[in-house]
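Chain naming follows the written order as A, B, C, D and E, and within any one chain the residues start at number 1.
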C-alpha cells in the first residue's frame, strides 16, 4: 500500500501544559476527503492546529509522506504543502483584500485565480481586510490559503455564519479542488450532514479521542452513532 | 516675513531631527506593536559606540557611525530573541515593564563603561559650520539630517507599502499564527524588522546628537519626546510620524520665536489638542 | 471571614516593621505613602483597565494643595489630607473629562502631557509654589490635636499606616461593589458595557476621580511628612515607577499594589546603598525577572509555583 | 402613538459603499421577524444603526413615537433596545455569574453604587440563577468566561442580553457557533420570550429562522428586497437566487 | 561622625562622586583626625532632586547613625527639606553645592562652601561694562537658578549703565536653541548673557551659538561657569572656544595649592577631573575639620569656630561670612581656550576679589 500522505500516531498535544488531544492515530491518503466531526470543544480545531504546528506537542508522531514533521515550524509545514483555513478566519486587518491574498501567495499561483473563484473579492480588492462582512472574510480566508497551492487543505468550519448560497458556492469550490485528486481535504463541520455528504470518510472526535471512523455515506445514515456522539438533530 | 521664513526653516530642520530620532520607534512600536520604551536605549548605544569609536579607536566620523550602526544592529538580534520575543504576545503593560527593565540595563551598562557625563560626537568639517541662505544662515548639519530624513521616509514607505516583505510584516503582526500557516517565517521577519528599528534608532541617535546629546540617561530623558512623535503621528504610520515630527517641530519652534515665556506648556497643550481631536494620531488608522 | 486574613497580615507586618526597624521609620513612611499612590493606580489601571502614566498629576496637586493649605490656612494634618484628596479629585475630574475617551498609547501620552503642563505651571508660578526651590515652611500641627510629629518619625509612620488601612478598606469595598464590578466590566469590554446600557465614560470619570482623590491623598501625606513640596512631585518618573510597582505586585486586587511597592522600594533602597553606581542593574534585572518568570506579578507567584510543581510530577 | 420601533428611510454609507439604502421597518410588540440576506448585505450594520453603535447618514428611528436618533448607545438600552453581538463580546476575565450580574445590576440602576456588595442583592441573585438554569449554564457558573467552549459563550451572550429585559430584542446570528445539538435550546429560549417582546433575528441557519420567525425580511446590498411569511420567502425565486440557493425548496 | 548626603546614583551621580573624591583627597592629605577627634564619613544617596529621600536619609543619619555633622546637598529643595531636622537636632551642616541664596537663612546650622548664582553673575556684569560692552541680551533657563542669575546680572549691569536689549527665558526642556539664537542675532547686542545648567542643554546651546554664526556677528558670549564646568568642558568641543564665563573655580587656576589638589585627586581617583563640586566639597571638608577640631561632638562650638574663618583653598583665598554663613571668595572671569595638549581649558583672565553672596547682601 502506498505511503499515506499524512500519518498521525498516538498524537498528544494541547495548549501549554494543558493536554487536549489524548492520543490520536489517523492516516490520511493522498486525494482523500475526510470529514472531522464532533461536538463543541472536543478538539477538532486543536487537531488541525496540531497538524499545522500551532500547539504544544506532548507526544506521538506526525509524518508527512513518511518523514517526521512534528518538530517543524508552521511555516515550514506550509512550505511542504499543508494549508489551514482557521475557524476564526484571522483576516489581516492592516492589509487590503488584495494584500491579504499576496501574503498567502507562493510558487506560481496568481491572485487572479482567487478572483475567479470569488468575484466578490475582486470588487472589494482595495478594501481593508477589517471592513469585510463575515461571509466575505470567510471567502478571503479560503482564497488566501489556496494561494499557497496546498496539497492538504484543512478547513475549520468554513461554512459557519454563511448564507446558504455562499455555502453552496463554497462547497462547489471544495468539490472542484478535491475533484482532481491532487488536493487532499480535511473538513471540520458542525453540519455533519453536509460534511459527510462531501467526504469519503468520516471521523468522529470526542474528548480529544477518535471514537469512530468509517465510510462517510454509511455514517451519514447511521442515526444511532450520530445521535450518540453528536446529539440529536445534527444530521441536518 | 523673515520671522515666518525662519520659523518654517528652523521648524522643518528641528522636525526632521525629531523624525530621525523617532522613526525607529515607529517601526518597533508602530509596526510591530510592542510598546518599546527601550527605543532611546538603542539610540544611545548608537551614539555611545560612535563616541567610543572616534575617541578611543580614532576612527573618522563616517566610519565610526557606520561601525556603531552595525554594532547596534548585530546586538539587536540576540536581544530581540531573548527579551522581545516572549513579550510580543503579552499585553501592553508587561511590555512597558519589560522594556523599561531593558532600558535600565542599557543605562547601567553605559554608565558603568563610560560614566554618566556627556559622550560627545564631534562632527567632521563638512558637516559642521553653517551655510548662508541669504537672509540668514542654517547649520550645515541640519541639511544632512534633512537629506537622511527624506531618504529614510522614502525607503521605509517603499519597503512597507510596496514590497512583499512589508505585506508579510503587517500580516505577521496581525495574526502571527495564521501568517505562519501561510508559510511566512514570522520569526525571521520580526528579527529583521526589529534590527531595522534598532538600526534606525541608532542612526537617529547619532544624527540627532547635536540637539539631543548622548549620555547614559538619554533613554529616559527623551523617552516622552519619542513617544509623542509616534502617538501624534499615529501608531504604525511612518508617514504619520513624519508629518507629526514636522508639525511638532514647527509648532515648537514658532512658540520659541513668538512667546518663549509660555515654555513647554505650549508643546504639551498642542499635543493634547492634536490627540484630543484625533486620538488615533494624525495619520493613524481609526 | 477568610477575606479578613490579608488585613490581619497587613497589620502584623506594619507593626513588626515598626519594631524591627525603629531607625528607618522615615523610609517606611515613604513606602506606606507610595503604597497609597500605587493603590490609586490599581483602581484605575488594574480594575478599570485604563493605562495611565499620569498619577503624578493628582499626587502633585494633592501635595501642593496640602502644603499651601498648611501654610496659609490651617496646619491640621487631617484637614490637610482632605484638601489634598479634594485637589486630586478635582484635577482628575477635569482631566478625566477628556482623558477617559482615549485609550492605548494616546491615553498614555495625554496623561503624561497633563502632568507636564501642571509641572510647568507650578514652575511658572514660583511666587506661590516656590518653583524649583520647593514649597518650604510647612509646619504640621498635631494629629487629631493629640499626637505631635516627632523627630524619629513614629507619629508619622503610625499616621501613614492608619490612613493606608482606611484607604485599603474603602477601596476593597468599592471593588466588591456593583460599581467595582462595572469597572472590571469596562476593563474587559467597553463595547459590551455600552451594550448593557452603562454610561461607560461617566463611570470611568467617576473611577478616575476616586483614583485621583486617593493619589491626592498620597501627595498630601508626602507633603506633610517631608514638610516641603518640590516640582519633583509632578515627575514622570513617579508615575512610571508607580506603574512598575503595581505590575510587579500584580494588578486588580489591591494586595499586589502593596506587595509590589514594598518589594520594589526595599530592593531599590538596599541596592542603592550597597552599590549606588550600579543599582540600576539590580532594578532592571528584577523587573525583567518578574515579566518573564511571573508575568502576573508577585501575586501570581503561588499559582506559578503550583503549576511548576504539577508539571514536575 | 404607535408602540414599538419604527425605522424610516435609513441610509448609511462607508465612503462609497452604501450599506443601508432607504430601509424602513417596523417592530411592534409581539413581533417575531427575521432579517436575512447574503453576507455583506448590511444586516449587522443595520443592527448597529438601531442600537446606536453607528450613526446613520440619514433617516429616522423612533421608539414608541419618540425619536431616539440622538440617544447614546447606553440610553437606547435603557429605553429598551438590546442586541446580541454576532461576534461574542463578553467580559472574558469575569465568571459567568458576574457576566450575568452586570446587566442585571445595570437594569436596576445600581452600577454607580460604590458602597454595597455586588453579589449580595437577593433579587439579582435569583435572576442570575434562573438565567443560568434557562441556558443550562449552572455547572459553569463560577468559571471564567474565557475558559468556556465557544458554544457556551454564545449562550452567555444571549443570557446577558435577555437579562436586560428589553422590549426590542435584536439577535445577530445567535446560533452561529452553537452546536446543532444545542440550537434547539436557542429556539426554545426565543420561544420562551415574553409575548409582548419584539424580536428581530438575523440568522443564516434557515431551520432556525423558519422555526421562530413569523415574517422574514430579505436585505440585499443594503436595500430591502422583499418581506413576507416564511412560505412566501421560500417560494420567491429572487430570494432563492440571491440567498437560499438550490438546496432549499 | 559626618553624614554626607548627595546623589550617588542617577543622572546626577557625578556630584556624589566628586564629593567623595574630594573628601578622600582631603583625608589623604590631612589624616582621619581633626584635632583630637577621629573623623568618619557616612554616605547616603538621594538619587537626584528628591526632598523626600533627602529628608528620610538625613533623618536616618541623625537617628540611626547618630552623626554629629552633616554635609553634601546638591539641590536646593533637598537642602531646604532638611532645614527643620537640622534645627531640631542642632547639627552643623555644610552645604557643598546647592546654590540658592535663601538656603543659609533657613537654619543657623547651615554653612555653605560653594557659591550662589548671583555671586557669580554680578561680577560678570561689572567685567562686561569694563570691557566696553553696552548692550546685552539675557537668555536664561526658565527656572529658579536661571532667574536668579538673570536678576543678578541685570541689576549689576543696569546699575553700571549697561542696557538690556531683550530678556529671554528659555523653557527647561529646550533642545533646539536656534530660535533664540536668531532672536538674539536680530537684536544685535554686544553680548549675550546666559545661565544654563551643565549637561545636554548647555552643549546644545553652545553648539547653537556657534552654528548660527553669532560669534561671527560679533555677539560675545558671557555665561556663568555652570555651563562649561570642567567635567563637561571637553564635550562642548571647539564650538566653545572664546566664550567667557565667570566662576569661583577653574581647574586651570594657577596656584601651588591647586596643583597639589589636582595631583592628590589623581592619586585618589586617576580618571577624576576637578571641578566646582570637588572644590566645594574639599573646602567643605576643611570647614568640617575646623569645626570638629574645635568642638568635637559639640556642634554649636564647632559652628562658632568656622564662622569668620578664612583659609587658602585650591580656588584662592576664601572665608566664611559670619552673618550669611556663606563663603566669600574670588570670582574669576575665564575664557575657553586650548592648552598645549589641545585640551579645552577655562583660562582665567581676570580676578574679582572677595565677592560675598550678592543675592543675600542685596536683600
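Everything that follows uses one rule, which is that contacts are C-beta pairs under 8 Å (C-beta built on N, C-alpha and C of every residue); 3 or more make two chains touch, one makes a residue touch a chain.
Keep in mind that what you see is a predicted model, and the values were worked out from it rather than measured.
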Q.
So if I look at the partners of chain A and the partners of chain C, which chains show up in both lists?
A. B, D
Q) Across the interfaces A-B and C-D, which one involves more C-beta pairs in contact? A) C-D
Q. For chain C and chain D, what's the span in angstrom between their mean Cα positions?
A. 42
(Q) Using mean CA coordinates as chain centres, what's the gap between chain A and chain E in Å? (A) 75
Q. Taking each chain's centre as the mean position of its Cα atoms, how many Å separate chain B from chain E?
A. 35
(Q) Please tell me the distance, in whole Å, between the geometric centres of chain A and chain D computed from their C-alpha atoms. (A) 30
Q) Of all residues in chain A, which are in touch with two or more distinct other chains? A) none
(Q) Touching at least two other chains at once: which residues of chain E meet that condition? (A) 13, 142, 171-172
**Q.** Residues of chain D whose C-beta touches two or more other chains
**A.** none
Q.
Under the stated contact criterion, what part of chain A meets chain B in this complex?
A. 52-54, 73-75, 78-79, 83-84, 86, 90, 92-95, 99-100, 102-104, 106, 128, 144-145, 147-148
Q) In their shared complex, at which residues does chain B touch chain A? A) 164, 167-168, 170-171, 173-175, 177-187, 236, 285
Q.
Under the stated contact criterion, what part of chain D meets chain C in this complex?
A. 51, 53, 72-75, 77-78, 82-83, 85, 89-94, 98, 101-103, 105-107, 110-119, 160-161, 163-164
Q) Any idea which chain C residues touch chain D in the complex? A) 173-174, 176-182, 184-185, 187-189, 191-200, 202-203, 206, 210
Q.
Show me the residue ranges of chain C that touch chain B in the complex, using the header's touch definition.
A. 45, 51, 98, 101-106, 108-110, 112-114, 116-117, 120-121, 123-124, 236-237, 240, 243-244, 247-248, 251, 277-278, 280-281, 283-288, 290-292, 295
